[in-house]
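Consider the two complexes below, in which chain A is the common component and chain B and chain C are the respective partners.
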Partner chain A sequence: MSTAIAPPHDVPAEPRVNYLNASYGIKSWLLTVDHKRIGILYLISITFMFMIGGFAASLMRIHLLEPQGALVQPETYNRLFSIHGIVMVFFFLVPSIPATLGNFLIPIMIGARDVAFPKLNLMSWYIFITGSCFVLYAILSGGVDTGWTFYAPYSSTFAHTSVIAAALGIFIAGFSSILTGLNFVVTIHKMRAPGMTWFRLPLFIWSMYATSIIFILGTPVIAITLFLLGLERILHVGIFDPAIGGDPLLFQHLFWFYSHPAVYIMILPGMGVVSELIAAFSRKRIFGYAFVAFSSMAIAVISFLVWGHHMFVTGQSVYAGLIFSVLSFLVAIPSAVKVFNWTATLYKGSISYQAPMLYALGFIGLFTMGGLTGLFLASLAEDVHLNGTYFIVAHFHYVMVGGAVMAYLGGIHYWWPKITGRMYPDVWARIAATIVFVGFNLTFFPQFVLGYLGMPRRYAVYPAEFQVLNVMSSAGASILAIGYAIPLIYLIWSLKYGPIAGPNPWGAKGLEWTIPSPPPTENFEVMPIVTEEAYNYHE
Partner chain B sequence: MNDMAAHGAVHDAHPPGFAHQFEDVQQQRDAGRLGMWVFLATEILFFGGMFTSYTIYRSLHLSAFITGSHLLVVKFGAINTAVLICSSLTMALAIRSAQTGKSKNTIIFWLILTMILGATFVGLKLRFEWYRDYIEQIVPGINFVPHASWGADAGQVEMFMCFYFFMTGLHALHMVIGLGILSVLVWMTAKGRFSPEYNAPLEISGLYWHFVDIVWIFLFPLLYLIGGRYPGS
Partner chain C sequence: MAAIAAIPIHPPAASSIAEGVDQLHYFLTAITLFFTVLIFGVIFVLMLKYRRRSEDEVPTETQEHLLLEITWTVIPSLICVVIFVWASSLYVQNARPPAASTEIFVIGKQWMWHIQHPEGPREIDELHVPVGVPIKLTMTSQDVIHDFYIPAFRVKKDVLPGRYSSLWFQATETGTYHLYCAQYCGAQHSMMIGWVYVMTPSDYAAWLSSASDNESMTARGERLFTQLGCSTCHVSDGTGKGPSLAGMYGKDEKLKDGSTRLVDESLIREAIVNPNSVALPNYPPIMPTFKGQVDEEQVMQLIAFVKSLASQERTNGK
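Coming up: the complex of A and B.
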């Protein structure tokens, strides 16, 4: 095994049929059933949604430069944070890694020609696009001001905004998640190449499997909840309306029954990506492979039992609170197992600091902070102080942005040569990764302090003594925006001008690196037979 | 798409329904079967949200739910239960006929009979239950007038009727989708697609159809039979 990691520049560019040049024209993309092309369709769609959500966030951070608000009316501010949350959670983070990298990589990593149901896969994308259109319509027709949580009875009775369109959009996009999860579970169970046993699977596959389980079992519950909410709003009948004996807390229970596991939909794929990156760039098999694999499954299972920790201060029974608190602490165990095992993998590894590895290392640090602050919120008494403050905002942004988005970017950089056949400029990539890390911390660390000092979330104005920290946060946000813009530029640039990558620019293990870049439409010219464990860097 | 052609050449012994991404028919059948079971797991959680809400509110407002339940027509609920159970039998017979290599006409006969029973269910539900409910003014949000005798329970009776319409409505929607699937199956059978070796679409559609029946088996007692309708029994 060669240890040189620098991309070979002398690979001859021989014309070859691959999935990108096998056919041309817009129709060949919109009607494709190739999992690789569908992954790219998702990549383009969610990048667009990310920009919308990011634009809303930028306006909020500009607004919060001044205590009385610098930019918009309070009503507009409510719409901004709602749209930011809805778009980022349901239309970027949930589909991010599974729908792009998952679609592209799962069949290749397990040695299959495609997912089990390719047409269903394309249909999932169209369903996602339909859902996105409803949400875009909701934004253009006046916005939503309920927050991404749609709490009843405000959303069902009092809000005068486009609640129906937004809820319908999420309802529809949910079926895209369900069908993607279904496709992945069946693919991983039934389509593995000969010799690809469960414990030879890359850890990315294990994490996608765990994620798919949550897609399948969680998403239908949010669908039915939003369906009930919509009916209550349209027909003015009571399900959650306390005026006729309905219970708004039931809405919260049903909502968080999905939306807490959804947090793990967002982070589990990131953990899978990081496992791949850490192994590849420290040239070692992941320490405690089986523990890391099973911790993904443990997180998926426990995730369904902790939703009540979002409701400690809503008046649910104190005993329910106690149990939810204990169960929430349990999630820390499999999460910590992963962090310790990644760290142990680094020990005595031949580490190289390519851009994907920088993102992976950033992930470990930021996810650890996000996870540990989650324990503050899981303890009953502490949560009373911190609930509804910027501390929570900072906590979940450390997990969702510092964790999930860092891993997503790391994964995109790692597999970009495989997806496009081209390398990007490594220097720029390292600079961008550093800028993202710095900008992220400057944006969200002050928010921990703000929250601890008592600044509530979702307010358009704040007391003057919080201004310094808010300005720091807004300054960080602008740095973060630059950090996100740079990869967008050089990745697009690389499509035409990047050096040819060759099949395995990182010298990494895994079936995806045994085939040409970009892969041929059928993935494998000869169906592979797997004879070794994953991450076999020691041979 | 020359790769597909290549695979087609390799697998040309396979029946018409064979898809290129699979190694053999057995793998395709297993994948289809697992896919449908996974889908049904999703469906259980989908209905589960409603069953949970129903259970919570029923425990909170039992007397109003009993009053509401007594507004429903047990007779047609019971007839429909029998109709659906029969349709599950005919569906199973259709699959069995395909597996044992019976003629196309036999398979189509059982499929059509299943469709007739399914349509009977939906028809009875529309004509003798929902339409009657509308006349009786017990359709929340559209035509609902509380009876004086309900007193303070009126709001919760309306809530029960909400659940009744949401749950049976969602179930009926699944029935209509099932009828659509069955008509596709009839068309595929007529085209001669199915054989003892290849009948996976029949089999997995059957799973769906049985699932929809089972949902009704839970809905019927929960909605129609609560609170002891017949005093003294």
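Coming up: the complex of A and C.
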């Protein structure tokens, strides 16, 4: 294995004027319309939210060390898992890659100076922050105990917690998603540099395009759902609660019509990042480029047709169950195609194992397991047993943490030198990636077994026979927490002490590596003209 | 090592469907293992074989390969078809309870399971059933959504307010098994648990007869039917202001709005709490709602009584 990458010696000490030193002061950041600075604003905001969600998770895992509960009252435990879910899903995972790396990279990768609507882009961030404030208020004003799924009529009639503040926060933050999606779609359609045809686009752009479509089409539905929930809770209009004439399954249909596609909002960008990482660190064009690109679009479309697989045990008709089951198997196929193509890309490559590549390979392995365990849950008779148990928890953490968060960290490590102009210590980064991989598996693998044994999720106390597996899971979580803390330290350290990166420390292809690090505010001094396909490593 | 040996990995399998579900589970586990090992193995080999040997290496381009793309699209699709057919046929087979099932009634409420046997005994967070007999649970919730889950039987069904859902099983092993609420329902969700006692039929009969609470649900329903004044209009010979309920259960009935509906538990429940929505033609819409006057348990008793009239001859004159 090669050692830590050494920056070329002939780079100047510090690049001239760039987007970071073009202006100073808090105002220059809060009023910026530069997509790169907005990306950084998001990066800081969602890191903060990740810490809140992670802190809640840590308390949960400590609590579950003992069957009767080691730390808090059940009421508090219910608030912890609700906060963890709401914050991690809506305020970390959904915006994670699109709002940070997507904002930073989309214009650069397609050869543009900014997104199509820079002011709208800044407004998206303010909307996101407003939504976050409502959720933080909900937490501080006593918390919310409905779970991130807000199932009615518990949430609309029975819960005595800050349901409205939390729902309003998600409602508001949703508009940030819609505007970001709109901005990206228009940018990708209209702002590509001369010669940057659709099939020369990096696969990251294809995945962001697919994600943006879901943002635009799916997010309004969650907004409507939460609005109706608010109507019922505040004005007692009978929509979901049968006691006043509503239908509780209507809530679930509406909720999952958004929230299943939202799963792909979280994983599609990760797939895009991984395509970039695999190409760069094996110096290969992604095998089956067109198949990988179109599989993203296929996932985006089919993801809207599978929501009923969350409702196999609600009493939904057998025929509806059959249709949703077959469609759920169908959505698995494009994901499998991607995994095979990434693996095939390594064939006859020139593979190096710097930290971003370790995250990418970790992603493929964990996402494969997350995807395959999804087959259990698409299988009707099997889902009857596993639905609502820890098997579900393990499955979606393999996809969203083993998949999406691994890809996010891989992407942050890969583009960090471009974003900041500095290198981080690669040895530490590799150690952290390994710790994350080990800690993750120790945390979540036992949960598959717990689920098969029948332990329901969202249990503050549990039968004693489940203790050993829960202790293993908690031990894994503490390792995982260390794995997440280390990058935070060395990445901040690198801002001041990291070696200067130079424009292209990885020897990677792509327009972003042709400009200085950090890039100038206008990205390109001269408009680039694209004459070659993406990932042209083979000349 | 002792601790590792003590880790349970398999839940008890104690119902007629458990074995079938487990076989599917093992097949899915084998598929998962196969592909995980395949992907990890191939990646590992390629990682070693094609590791970067010098910084200025330029790998040759690999040609696109349509046949390969088709192969790895079609093979997973075929595997999915097999799983789908297998899992769905199990599900469809298990969806409908056998006709000869013994019916037991379940009411979920924050945070307890309230169970009533037709013979009269009522229990809380405990369910006594005989082994080898198909049992059908008719369930509803008094407040939020709950979920009735017996892992050892591999059965689970949401228990919703305002409607009946049902679940059936046939226990194959005597013993004591966990009963859980598997749908988050508020503060003490994780305490909404209990035990299922599977007994030999003779033990079960002894248990039933030893219960102090042995007025049958039908008898309680009949008493309510009189107390609430139902019997003034629903006269059994069809001469009252309302239709006779004799022989009605289990038959299709043409409603005033023109639709035809099966008279089942849900329809009878609706007729009690929201009578006009299921009004019959030829009868004036004069029945008041009994919503708020009867609780879910009493509704179930009334239903048990109406069902007991099913074998009587149909006497509606109009």
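One rule holds for everything that comes next: the second predicted complex is superposed on the first by the 527 of 539 C-alpha atoms of A that agree within 3 Å, B and C clash if a C-alpha of one lies under 4 Å from a C-alpha of the other, contacts with A are read in each partner's own complex, and residues count from 1 in each chain.
Assume contacts are C-beta pairs under 8 Å (C-beta built on N, C-alpha and C of every residue); 3 or more make two chains touch, one makes a residue touch a chain.
Because the structure is predicted, anything quoted here is derived from the model rather than measured.
**Q** Taking the superposition on A as described, I'd like to know which of chain B and chain C A:V186 touches: first, second, both or neither.
**A** After superposing on A, A:V186 lies in contact with chain B but is clear of chain C.
**Q** Which partner does A:Y537 contact after superposing on A: first (chain B), second (chain C), both, neither?
**A** The answer is second: A:Y537 touches chain C but not chain B.
**Q** Which holds for A:T225: it touches chain B only (first), chain C only (second), both, or neither?
**A** In the superposed model, A:T225 contacts chain B only, not chain C.
**Q** Of the partners chain B and chain C, which touch A:P74 in the superposed model: first, second, both, neither?
**A** In the superposition, A:P74 contacts chain C only.
**Q** Applying the document's definition of touching, compare chain B and chain C: which contacts more of chain A?
**A** Between chain B and chain C, the winner on chain A residue contacts is C.
**Q** May I ask you to decide whether A:E522 touches chain B, chain C, both, or neither, giving the answer as first, second, both or neither?
**A** So A:E522 only meets chain B here.
**Q** Is A:A243 in contact with chain B, with chain C, with both, or with neither (first, second, both, neither)?
**A** Both chain B and chain C are touched by A:A243.
**Q** A:F287 contacts which: chain B (first), chain C (second), both, neither?
**A** second
**Q** Between chain B (first) and chain C (second), which does A:P463 come into contact with in this model arrangement: first, second, both, or neither?
**A** Second partner only.
**Q** For chain A, give the residues common to its interface with chain B and its interface with chain C.
**A** Residues 243, 247 of chain A touch both chain B and chain C.
**Q** List the residues on chain B that touch chain A in their complex, please.
**A** Against chain A, chain B makes touches at 1-4, 6-7, 19-23, 27, 30-31, 34-35, 38-39, 41-43, 45-50, 52-53, 56-57, 60-61, 64, 140-142, 155-156, 158-159, 162, 166.
**Q** Okay, in this complex, where on chain A does chain B touch?
**A** For this pair, the touching residues of chain A are 17, 22-23, 112-118, 178, 181-183, 185-186, 189-191, 216-221, 223-225, 228, 231, 234-239, 243-247, 250, 254, 257, 520-522, 527.
**Q** How about chain A: which of its residues touch chain C in the complex?
**A** 1-2, 74-75, 78, 145, 147, 149, 151, 153-154, 157-159, 241-243, 247-249, 282-285, 287-289, 291, 313-315, 318, 321-322, 325-326, 329-330, 332-333, 336-337, 339-341, 343-353, 361, 364-365, 368-369, 372-373, 375-376, 378-385, 387-389, 449, 452-454, 456-463, 465, 468-469, 507, 537-539
**Q** Could you please specify the touching residues of chain C with respect to chain A in the complex?
**A** Contact set of chain C toward chain A: 3-4, 6-11, 17, 20-21, 24-25, 28, 31-32, 35-36, 39-40, 42-43, 46-47, 50-53, 55, 57-62, 64-65, 68-69, 72-73, 76-77, 80-81, 83-84, 86-88, 90-92, 94-95, 110, 143-145, 147, 149, 151-152, 154-158, 160-163, 165, 178, 180-191, 193.
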